[in-house]
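Two complexes, one shared chain (chain A), two partners (chain B, chain C).
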Partner chain A sequence: MNDLMNVVDWSRAQFALTAMYHWLFVPLTIGLSLIIAIMETIYVRTRDERWKGITKFWMTLFGINFACGVATGLILEFEFGTNWSNYSWFVGDIFGAPLAIEGILAFFMESTFIAVMFFGWKKFSRGFHLAATWLTALGICLSALWILIANAWMQNPVGMEFDPSQMRNVMDDFWAVALNPVAINKFFHAVTSGWTLGGVFVVGVSSWLLWRKSNIVAARKSMKVGAWVGLAGIILTIWTGDGSAVQVAKVQPMKLAAMEGLYRGKCGQELVGFGLLNTDKRPYDGQDAINYEISIPKGLSILANHDANSFVPGIEDLLDGISVDANGDTINTISYAERITIGREAQDALRAYNEAEQRGDRQAMDSAATLLKEKYEFFGYGYLDSPEQAIPPVALTFYSFRIMVIIGGYLLAFFAAILLISYRRTHFLEKSWIHWIAILSIPLVWVCSQAGWIVAEVGRQPWTIQDVLPVNAAISDISSTSVQITFWMFAVLFTLLLIAEISIMLRQIGKSAKTNIENPDK
Partner chain B sequence: MIKTGPYPYIAHKITSIWKFYSDGFRHMTVGKKLWTIIIIKLILIFAVIKLLFFPDLLDSRYATDSERAAAVRQALIEKRI
Partner chain C sequence: MELATLQQYWWLIISVLGALLVFMLFIQGGQSLLYCTRSEAARQLMVNSLGRKWELTFTILVTFGGAFFASFPLFYSTSFGGAYWLWMLILVSFVLQAVSYEFRRKRGNIYGTATYDIFLMANGLVGCILLGVAVGTFFFGGEFTVAKVNIINGASPVISTWSDSHGWDAITDWRCLLLGLTVFFLARTQASLYFINNISDARHEGVTSRIKVLFNGGFFAILFICFVLVLLTSQGVRQQPDGTMVQVQNIYLGNLTSTWWWAAIFTIGTVMVLYAIIRTGFSSTYRKGIWWSGTGTIMVVIVLFWLAGYNSTSYLPSVTDIQSSLTLANSSSSLFTLTVMTWVSILVPFVIAYIAYVWHKMDKTPLTEAELEKESHTY
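And then the complex of A and B:
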């Protein structure tokens, strides 16, 4: 048992490490692709060659980031096959199509249009080149779409039927999977967060140029574009974040309860703006969950259900079987203890199916398959020893959510201020403290972006597939030693690669201070 | 009259595309360093990491899909015990 938990924890740590490393590059690719498309559009419309120079400058940085991010996502797929083989097989029919489409789109669309973008300035018309730049941005978004559809299915498994003979969830409704409400919201939230990050990056680097008193006109022009994209990005991110909360309240209420450190809910539930969790708090012990808090009255009811007086269940409510339905009405549903019983009945049915198959007893197989289908909804609960094992890590989910929201709020003010300064109070653009606020916002937005994924994925625990497959069942039969070895190997490799990649980026940005961005040929 | 088929046209197009990419790569500046990183990364990922450390367990241990399904079924049953 100890080795199983070690394998689970090391495999989770390894996946988290590789996913977070991958996510260092993806949002900047998404954001910069849009920003350079806008800049090139300005160039084509105005025929002002200075905008061509500006576009090419940011395009180079886009290329560096894109190259650094290449293949970082592939390692995640390797881990599916080695560390998470049960899970990989279990979801194969659902993941296969989206990941195949993502791979095909990424390779053909992006490699074609990125080549035109970088190699085709002198070989194609302005219009054709501009179209290639926009299609690159679109291709990047479409790649992200399919991965996010796959991830959304883990959060809200729909459009499938489990086949015990194949031991796979077989997709029986492609559109249910593709148009999963969680997927749609997640896609727009992830993409707009990429625009936000790209906006901060452009504003931050432009500020550095201003601080160095280099390429001042190009920096100010870039800053305006970056700030507009960033402002649109953060507003849409906040709006889709609200949508995410509504979806989480419907399909993953335990995640929402963990995000809020909420153990006993009520109607008109307040939203904790900030608080310090009681680290000794356990379910049903009567202790306060949060020691010091600043809360917004009725805020969580509004966030979760868009109804100030609606009930939001806490962790203990959910364990007891008190929840809300899709309409936001409080309902008595199945307690987690009962879910464990049902889950075990489903697993007994699977065992019966297995034994019947070995005997060649077709009738018994069909009977077991029918029973399994009836109980499948809570199949994963059968692996839990107690209802409390269904609670995600509350502290990590709670604080990550606050980090994301607080930085998100800061970024809204940040972009508004940058635009005000850029258009109306331009003398502030000469102030060093403004430059350094912008520069230091660059790492901050990355923290925000990563925190969002921590909320999504840690809040999902213990499930790899919500309610259907927990992590301890999804894991492969391998030793924890092998996982530890590859974990540390990745830690070292990623650190070295990251240092190399950041240094190339910084060197390129540094070079720009000594060149004329607007007229690079002069 | 000399008949020209589709093949010379296709060959010309393929040649043009090849020239486009080869000219582009030849004139790269920052890109050359980036491509070096990409190639090193791809070699590390596929030739070292994937081959030595990340075999697909089910593919390597079992020959057919029904064997893999049986193995996963057995594993999921045993995880409950």
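And then the complex of A and C:
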């Protein structure tokens, strides 16, 4: 049992490591792909060769980053099999399809047209090359779409039923999976956050060029494109973020409660703008959950339900079985303790079904199947030892959410200011302090981006699939030593690759200060 | 459509993807040849010739894995989760490849060009051999058991368990290694054919050396014959109509001879590969060998997959518990999922069409050093 838990924890750590490294590179790929497509469109429409030079400059940086995104992504796809083999069987009938579609539709499009993008300037017409750049951007978006459909299904599993004869879940409604409301919202939220990050990157690097008083025209032109993309991105990110909160309130209320550090909810629940969690707080101990807070009255009720007086359940409420239905009405459901009992009864029913099937006892099979169907909703809870195991890590979820929102708010102001400066108050573009605010925004946006995924994934714990399969039942049969070795292997390898990318990027950007971006052949 | 028909169809798709992957491993083969020349300019030509296609192999590998996951999730669960070290080594070698082309000559490369070239060579060696070993397990099996009922054992819920070697058993199985080495030398042979077709620079004869075709092709031919002999005399596992598994002697020979056109495709494909090697090796002007060899490779590998999976043959036999062996029937996705994926597969011809179009346009004229000097983006 000890080794099982060690395997679980090390496998979680490994997936978190590989996913976080992957997400360092992917949003820049998403954002820059759109920005260079826009820049190349301007070139083709205006026939101004200077825009071609500018496009090629950002394309070079895109290529450097793209390679690392591809490298880190490979491991993730196969990690579902290597480290989470039970998961692969138990839900693979549903989960495998989006991954396969991602490969067929998106990866081939990216890999084919990216070759045209980099090497086809002289081999294809202007129009075809531009189409290839847009198709690369489209391929990247399609890739994001399908993987986010898969991830959204982990948050809100729909479109399936359990087949006791196969001991697994099987898909029965593809469109429910593909059009999962959580998926649609998540896709736009993730992609527009990539536009935001790409926009900050372009504005930041352009500001550095302005600070160096190099390629001033190219930098100002790039800054405008980056700022417009970034502003559109952050506005849409905030809007879809609001949608995300409403989704989470409906389908993952425990995640929302953890995001807020909320243990006992009420009608007209305030939103904690910022606070310090009481790290000693445990459920039902009567202690305050948050020691110091700045809160917005009724804010959480508005965020979660778009209704200032609605009830938002806390962790203890949910454990007790007090929740909110789809209409926003407070209802009594089944307490988590009862869910565990029912879950174990469901597992017993499955065991009985299996034994009856071995004996060929059709009547007993039917009886067990009926009981299983009644109780299947809480099957996953049967793996838990106590209700408290269903609580995600509160502190990590709470602080990550705040980091994401606060930086997101800053970025909205940032892009608005940059656009104002770029069009109306252009003398500010010569100020060093403006340059350095923009440059220092680059690491900030990455912190914001990572924080968002931490909320999404840590807030779902202990479930790999919400309410269906907890982490300890999703694992592979490997020793914790093996996973520890591969964990450290990836940690070292990806860190070395990150250092390599940053070094090459900085050198490439530094070199641009000494060359003519608009006309690199000069 | 019936479930059995869809299972057969999806094994066909897997076979085609597997065959395309083996063909595209010429990229890895070419990487393993990087230090067969002392000329840096020649190495540059080779890297840039390969580099314009490196992502295709990568993408086919990823799609192969994804398609396997979607269509035969029990294989994905059992093989990846069980032969852990085999798959991890393959994946790490491809991770190293993914960054090497882009980073190797960029300013600010703190690890040096040689480091990335070594990564490329490592991927060429490890990627080919270990992918061959992985496919070898389709015939020679692995040390695993599957017990789906374990899912309700909270203390030990894992349904498929592999021996403690976790993949090292496959890597050290001489039969799997034989296939791995066969794939490796095939990849090098095809890379040599590809360079002759794709690079045109008389100053770098070493790159387009026809002796390399004969040398690597010779090794490939010998290993291939040995592998085929071993395969056709090996026993395997077949699923009976009642679902039980039985061992069958010379199962793959039986599969090959049971359907005449399988044997015909296999033979024609083999002849095409040998024709490409011999014609290119002994001609000073012939440059189209890669197309004969590539087509032949695809045909042979497709048939090998068919031998592994059709006729109720177990495509992942268990040497520990024969009843745990995987077949198309007991490891596939549901009828619903396979139907959905079949609709998606209608897009595959369009994907192949645009890839072929772009490949044709990009490779219309062979690559020269002069062209590289004019390019703004090189590896």
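We adopt the following convention: the second predicted complex is superposed on the first by the 517 of 522 C-alpha atoms of A that agree within 3 Å, B and C clash if a C-alpha of one lies under 4 Å from a C-alpha of the other, contacts with A are read in each partner's own complex, and residues count from 1 in each chain.
Assume a contact is a pair of C-beta atoms (placed from the backbone, for glycine too) under 8 Å apart; a residue touches a chain by one contact, two chains touch by 3 or more.
Being a predicted model, the structure only gives us computed values, none of them experimental.
Student: Chain A superposed: clash or fit between chain B and chain C?
Tutor: clash
Student: Applying the touch criterion given at the start, work out whether A:93 contacts chain B, chain C, both or neither, answering first, second, both or neither.
Tutor: In the superposition, A:93 contacts chain C only.
Student: Which partner does A:472 contact after superposing on A: first (chain B), second (chain C), both, neither?
Tutor: In the superposition, A:472 touches chain B and chain C alike.
Student: Output check: A:60 vs chain B and chain C. Expected answer is one of first, second, both, neither. What do you get?
Tutor: In the superposition, A:60 touches chain B and chain C alike.
Student: Return first, second, both or neither, reflecting whether A:102 touches chain B, chain C, both chains, or no partner chain.
Tutor: second
Student: Pick one for A:164: touches chain B only (first), chain C only (second), both, or neither.
Tutor: Only chain B; A:164 stays clear of chain C.
Student: Residues of chain A touched by chain B versus by chain C: which partner has the larger set?
Tutor: Counting contacted residues of chain A, the larger count belongs to C.
Student: Under the stated touch criterion, which partner chain does A:505 make contact with: chain B (first), chain C (second), both, or neither?
Tutor: second
Student: When the two structures are overlaid on chain A, which partner does A:399 contact: first (chain B), second (chain C), both, or neither?
Tutor: neither
Student: Which region of chain C runs into chain B, 3-11, 147-155, 201-209 or 219-227, after the two models are superposed?
Tutor: Stretch flagged for C-alpha clashes with chain B: 147-155.
Student: Per the definitions at the top, what is the overlap between the chain A residues touching chain B and those touching chain C?
Tutor: Comparing the two interfaces on chain A, one with chain B and one with chain C, the shared residues are 60, 63-64, 67-68, 70-71, 74-75, 78, 81-82, 85-86, 88-90, 115, 118-120, 123, 166-168, 347, 350-351, 354, 382-383, 472-473, 476-478, 482, 486, 489, 493, 497, 500-501, 504, 508.
Student: So in the complex, which bits of chain A are touching chain B?
Tutor: Going by the criterion above, the answer is residues 60, 63-64, 67-68, 70-71, 74-75, 78-79, 81-82, 85-86, 88-90, 115, 118-120, 123, 164-168, 344, 347, 350-351, 353-354, 382-383, 472-473, 476-478, 482, 485-486, 489, 493, 497, 500-501, 504, 508.
Student: Which residues of chain A touch chain C in the complex?
Tutor: Going by the criterion above, the answer is residues 1, 4, 56, 59-60, 63-64, 66-68, 70-72, 74-75, 77-78, 80-86, 88-90, 92-97, 99-105, 107-116, 118-124, 163, 166-168, 170-172, 174, 347, 350-351, 354, 382-383, 472-473, 475-479, 482, 486, 489, 493, 496-497, 499-501, 503-508, 510-511, 520.
Student: Under the touch definition given earlier, write down the residues of chain C that touch chain A in their complex.
Tutor: So the residues of chain C in touch with chain A come to 52-53, 55-56, 58-59, 61-63, 65-67, 69-71, 73-74, 76-82, 84-85, 87-88, 91-92, 94-96, 98-99, 101-103, 106-111, 148-149, 151-152, 154-162, 164, 166, 333-334, 336-337, 340-341, 344-345, 347-348, 351, 354-355, 358, 361-362, 364, 374-377.
Student: Within the complex, which stretch of chain B touches chain A?
Tutor: 20-21, 23-24, 27-28, 30-31, 33-35, 37-38, 41-42, 44-45, 49-50, 53-59, 65, 68-70, 72-77, 79-80
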